[in-house]
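Before anything else, here is the set of structures, which you'll find just below.
First subunit A sits with subunit B, and in the next complex the same chain sits with subunit C.
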Partner chain A sequence: MAEVTLSAPLRADGKEPNFLQRFGHGFVHGDIFTKLSFLVWGLGYIGHGQLIKAVLVTLVQGLGLYYLGVAGIPNLMKFGTLGTVQMEMVFNPATFKNEVNDYDNSFAILLLSIIALVVIVAMIAAAMAVVASNYNLQQIRKAGKKTNSFVQDVRVYLNEKFYVTLLTLPVLGVVIFTIVPLFILIAVAFTNYDQQHMPPNSLFTWVGLANFFTLFGGGQSLSLTFGYAFGKILIWTLVWAFFATFTNFFGGVFLAMFINDKKTKFPKLWRTLFVITIAVPQFVTLLLVRNFFGDNGIFNTMMSNLGVTDLLHNIGLLSPTMDYIPFLTSNGWAQVMIILINIWVGVPYQMLIATGVLMNIPADMLEAARIDGANPVQMFFRIKLPYLLSVQGPALVTDFVKNVNNFNVIYLLTQDVYVTADQSMAASSAKEVDLLVTWLFRLTQEQYNYKMAAVIGIMVFIICAVFTVVCFRFINKKEATFS
Partner chain B sequence: MTQVMSADTKKQLRKGKIQRGVRGTIRHLILIALAAVWLVPILWLVVTSFSSYRGINFTHFFPEGYTLDNYINVLFHPDSVAQFPQWFMNTLIVAIFNCIISTCFVLMVAYAFSCCRFKSRRLLQNLSVTVNLFPGVLAMIAVYFVLRYLDLTNSYAGLIMVYAGSSGLGYLICKGFFDTVPVSLREAAKLDGASEARIFFQIVIPMSKPILVYTIINSFMMPWTDFVMAKMILNSGISADWTVAIGLYNMLSRTLVNNYFALFCAGGVLVSIPISILFVIMQKFYVEGITSGADKG
Partner chain C sequence: MRKQLSLAMAAAMALSLAACGGTNSSAPADTSSTSAETSTGEAGTDASGEAANWGDVTLTMWGAEEDQTMLREMADAFIAENADKGNITINIGACSEADTKDEVLKDPTAAADVYAFADDQLNELVAAGALQEVTLNADDVKSRNLEGSVEAASLDGKLYAYPMTADNGYFLYYDKSVISEEDAQTVDGILAAAAEAGRTFDMTLNDGWYIYSFFAGAGLEATLADDGVNTVCNWNEEPGADVAQAVMDIAANSAFVSAPDADIVSGIKSGTVCAAVSGTWNAKVAQETWGDNYAATKLPTYTLDGEQVQMGSFAGYKLVGVNPHSQNVGVAMMLADYITNEANQQKRFEDRQLGPSNINVNASEAVQAAPAIAALAAQSEFSDLQRVGANYWDPAASLGQILQSGDTQGKTTQQLVDDAVAGITAPVAQ
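Take a look at the complex of A and B:
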């Protein structure tokens, strides 16, 4: 069957009508069944002779309405306040016992309301689609043709509309496990959900933009430390992401060129030696390295035996009271070490990728440059680097974003090891070496300060999104001028 | 040639050869130094796993006595802290389920975006890129709220859901590969009357074995290497419930590290062996995937 061409073109410009137009047209020009199908999805299909489909869609609609009736609407009613009845023990005269009252759980209200909103939007969209499809059926019958049987319909979903079959489950997964949680998180940023307001024992409620003011240092007493910590951590996050991305990229490129050079013997062997480090899971190597560089660790012993510790004392890089080098325990040292260790972690990956990309450079291009008398430095800056950047430019942008969110390296290297000496940082559970993401993680785990964690999360998203959009704009523009 | 060449040029040539020899030696010395830096921690892991001393040896790089006890203990004598066999089984269960669900999701989304043409394709792709910008940790905290509400924390079902639930978003590399399957092949099959579903199962999938292997191994490895999500969801503090990553992490907590460091190393080596084998298989596709995914954006 496929789409029936509408008798009169819907749009003057002759383009295909969009979803809304098809719904509108169907609803206005449809017969009684088509119109009714907006309310009861099955009716239209019954009227147009598709019984199995009618039962199925009505079942889905019933489930949706059941959810809205039982959980959705009652909670949506309380959405404005997020609950008013606090949990209490109430004496029940019938049983002569103290019992828990019928309390409101703010979090449940928030969660179920947001799910209800998603369900409502989905159901309205589905109802509109049902009307459009019923109008289509009506037209087919009017033209005197047969509508699809159920088996034929199923076949359509394995053929022309196979993408619907493919995408339904994954999209559902993303909606449930990413989108809905994100909505919840965004909502939490506008509430006072923290240790003093933990459901089910107590309620939390909307506070507007107060948490954002706190983060930017505009609120009451506590916010001074928060604003201070946020500024410091934001700067370190950006510095870290910049260095982590570029040291790894260039480290990987140079290592790859060094190994792939014709003068290097056994390139495969060297490559394998570096790749071994990737094969050990990151959490194992990072935890190991953390102990390797511990205050009393083996590396400190070696340094002290070699006299490096004394040397540092003498040139004033290390205060005389310390008999060890505080690789991961003091502000300044720790940041440098983290970036160095990250080079150790990331360069082998980048080396593998750069090897692959460099091999794809057209050989005649390099040959031509050589004949023209280009030296290796020129060849690197004029040919290899632009080529690498053009292929890996987008990957560099995503790497930067990944590094802004690089939880593992920072958390595994500094958790339980690094203790901040800065009182105002400590007051907001922050450390100088924290990234925004590790900070927000610690806020939720140690202080149960979900509201601030949510605000920081939104800030991280804004930073990443703006950075990505700007970079891709730039990359696209550049590509346009070259080609 | 040789007759024409004067003694002078000969000398110069020899000098060049020596210079090249010296440069070659320096080049390889640098490589050896770099490789040493990269391998020292790995070497430390391996030698400490054979150490007869159970804590961290602060004074010597190489242990004073060698023994196999750490491996025997970690594999056959679990105690209240180190329950490696149990953790291994837990992780294996999670890994198998995650592998099945994630692989299906990734292949499905990649095929739909690569080979099917429909109106909302661009919109959905852009949406997926935007959603990916949210930090994983952030989404995870929110997911944790939901799972706690549903009472699914401290259960493998919850953990599998978190790993596999939104795995469809990681379709880019796989899509890059599907894009390389010639359109003419699919068109020919369509002319012969094959449905999209048949083309997917009987033409595109069999042609995409490399990316299939890559996706399977990648999703299988995830629970073995992931630390954060598992720590957040399996937070009961009951050792027998943990995955390998949290268990090993716990061994290094301040009170335990002096008794369990060597065991940690043995456990680390044991996890690394299967992962290294899988990684060696995957290495080839890894590069292909990254580079082909990159230029498609």
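Take a look at the complex of A and C:
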């Protein structure tokens, strides 16, 4: 696509015409080749003397149409019902094989239909771009100039428009690996895809908003306690994300400051020691820690030998029937422990980042403050902390979102260990220590309840999106005032 | 079932991340081409050919990590025996029998052709269409295995799997130097003897699998509804509330410890535990630690309203199933049949001390002399097949957790069982 050189300005206000306007203008004012190129992309380029390009675009169009013809359209026809023919299998003793009828696979239909929709949208957009580009060529020829040869075109994409070449693959990747799965996830939330409706053996179909009603306490089945469990888990998720983010942040900052302090001996040794903990895979650490803090684990034995268990009995923190401290097995204790263990696991990362940021604070600023008689506390709150926050604000928001979805720590520390005593939670296979994601994982992994998992997934997405947007707006304002 | 997993906690966790898929690297082909080809084309062409001519056959088989070497030997023997019928290749992958369902149901079309699993997963596997009805040699399979194991492998009168072992239940094992044979008959006796010796009697209460035994013993039931998905449960009827009270009384005894599997094992090793309710997977540790003092027997009776009630249990079997999506269902059935036949069950017992479901092997002297297997046999008349829906586990575990802690949250025992039953019987999905 060469530059746009329109004979008459398209817009009265003199701005660059947008994509739709260029297409509309090109389609209306174009010659026969330009018009035809909307249907057969190659025709326009043939008419305008760009043969290789014509072959290439026709090939792409052919591939798209081939997909639509072979898989896209047939599946789109079933998209409304997601299939009607159930699988039936008969064993044939003569051939030693199973004979299967021509059945519908709801999931395949959903998947291929969504891909087909994406392909259709992409092809329409591409057709419009082709028309606009052909109109462009037509104008160039009309002005008596020569259009680019193929080699010249390639050169343009390697030089002036190199960004287009560079971005093509990532964009394709995002579409294939992010956008299509996202659409499928969203679609599943409106179906009854669960254990009773598992392809390829059974079909699933659209159920509208029923799953969302179920989540918020309406509907049937999971109903009452599901909404209850969702509320409790949501609150704990937010509490956890808040504490996990800020304890790690401040823990890391203080650690970095202690290590970087001039009075600290061997700072490199300490830093290395903390970094080593990063090198150990997280799940190994977490599983070991889980065993340390088990009801009959090593830590409990130590506590009991030291008399701490008795002390807790005496001050009433522990019920007299318990001869151990339920670090990871009781509501309340477990939440605090998880946050504490997370500090241990997460602080080294934050320490590294904070070290870098703190080193970047202009030394003269701190020097000036010291001469003015500021004490270390004042220097921390007036200079270092605001500086850290302004640099790390966006990272903190990302950390928060990451913690909302922090599967590893929660799942590895509580799976097979924590049993809820809240019967309403248990009725929804939830635990007090579950995050939305771990709950979602167990709902899908253990109960194959994909539809509810998709609904919760959408909810998590909305929560994270809203939080991020609000925070970034806030940060942007802050940043303006700081610097 | 689920408890077996916690036996090898760290290892299992590490494995479940890589899961069963990891090991069977050599099965990319069976993913794509199950349906269309088999349906029309091959049926016509092969109809004239004998079933005896198998051609090139590649099968994938999943079994427990510990069984890998033994399975390889069995597979090689199968290949050698059928060398005249076709060119067979068998790949073996590791998948704990307790997790098979999770792995298979991720995508039945991509799962192994032949896989071992615990019998409680049968319903869900059948419901998902991941088990082939046994159509070859079914009568022989039924007649050569214990009645209970055949029942465990059947649903609605159809046989869906090949019984492999009959030792997946739980029973009592104890240290004879502390607990006499007479003491071992009652929970009270065990607790009194254990208290005297300053040791403990361990059992996992906060787990649906074990807590079942108290309620089942009192004649209450938790079983699968007719739809095959939901659970029917009457624990809130008479005498459910009293059972809950009885369990709380036991849990409150200072000689009783409710501990997960891993803690029972470490307790036995360190000598604090003198009796435990668990399965064969921990029996070996007990046998090694207690030596000649090791004894195993049926579960004891417990005191309910002043009377002694025999504890019930879940009977457990391990089965071998065939994936109907396999491209070579027939040969896969032959293989499943082969690895569960009399000779190979004998081999299983000899190599891995797994309790056979085969009638002849089970009746052999060597098998009957194994204490764990004898104990399971004695318990079998008080045990039920494990047939519960997905919503059973969490509410039952939660009930166990409350009873073990003794903190009833201000509810009466009747309210506790009411709430548990409400959760257990809640429909699984719409």
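Everything below uses one rule, namely that the second predicted complex is superposed on the first by the 462 of 483 C-alpha atoms of A that agree within 3 Å, B and C clash if a C-alpha of one lies under 4 Å from a C-alpha of the other, contacts with A are read in each partner's own complex, and residues count from 1 in each chain.
Convention: contacts are C-beta pairs under 8 Å (C-beta built on N, C-alpha and C of every residue); 3 or more make two chains touch, one makes a residue touch a chain.
Predicted model only: the values in this text are computed from it and were never measured.
In the superposed pair of complexes, A:N201 makes contact with subunit C only, with no contact to subunit B.
When the two complexes are overlaid, the chain among subunit B and subunit C that reaches more residues of subunit A is B. In the superposition on chain A, A:V171 makes contact with subunit B only, while subunit C stays out of contact range.
After overlaying the two complexes on the shared chain, residue contacts for A:L287 are found with subunit B and with subunit C alike. In the overlay built on the shared chain, the residue A:W344 is in contact with subunit B alone; subunit C does not reach it. Of the two partner chains placed around the shared chain by superposition, subunit C is the only one that A:V100 touches, whereas subunit B remains out of contact. Look at A:L412: by the touch rule set out above, it reaches both subunit B and subunit C. Judged by the touch definition given at the top, the superposed model places A:I361 against neither subunit B nor subunit C.
In the superposed pair of complexes, A:I73 makes contact with neither subunit B nor subunit C. By the touch criterion defined above, A:N296 lies against subunit B and subunit C together after alignment on the C-alpha atoms of chain A.
Note: residues 283, 287-288, 291, 294, 296, 412, 416 of subunit A belong to the subunit B contact set and to the subunit C contact set alike, using the contact criterion stated above. The touching residues of subunit C, counted against subunit A in their complex, run 5-6, 9-10, 13-14, 17, 34-36, 38-39, 42-43, 46-47, 49, 51, 54, 102, 105, 108-109, 124, 127-130, 132-133, 135-136, 206-207, 229, 252, 257, 259-260, 262-263, 266-267, 324-331, 390-391, 393-395, 397-402, 405-407, 409, 416, 419-420, 422-423, 426-430. Within the complex formed with subunit A, the residues of subunit B that make contact are 20, 23-24, 27-28, 30-31, 34-35, 37-39, 41-42, 44-45, 56-61, 105, 108-109, 111-112, 116, 118, 121, 124, 128, 130-131, 133-139, 141-143, 145-146, 149, 161-162, 164-169, 195-197, 200, 224-225, 227-228, 245, 248-249, 252-254, 257, 261, 264-265, 268, 271-272, 275-276, 279-280, 283, 286-288, 290-291, 294-295, 297. Contact residues on subunit A toward subunit B in their complex (touch as defined above): 107-108, 111, 155, 158-160, 162-163, 165-167, 169-171, 173-174, 176-182, 184-185, 188, 255, 258-259, 261, 263-265, 270, 273-285, 287-289, 291-292, 294, 296-298, 301-302, 344, 348, 352-353, 355-357, 360, 391-392, 394-395, 401, 404-405, 407-408, 411-412, 416, 437, 440-441, 444, 450, 453, 457, 460-461, 464-465, 468, 472. Those residues of subunit A whose C-beta lies close enough to touch subunit C in the complex are 87, 89, 91-103, 192, 194-196, 198, 200-202, 207, 210, 214, 219-222, 225, 283, 287-288, 291, 294-296, 319, 321-322, 330, 412, 415-417, 419-427, 429, 445-449, 451.
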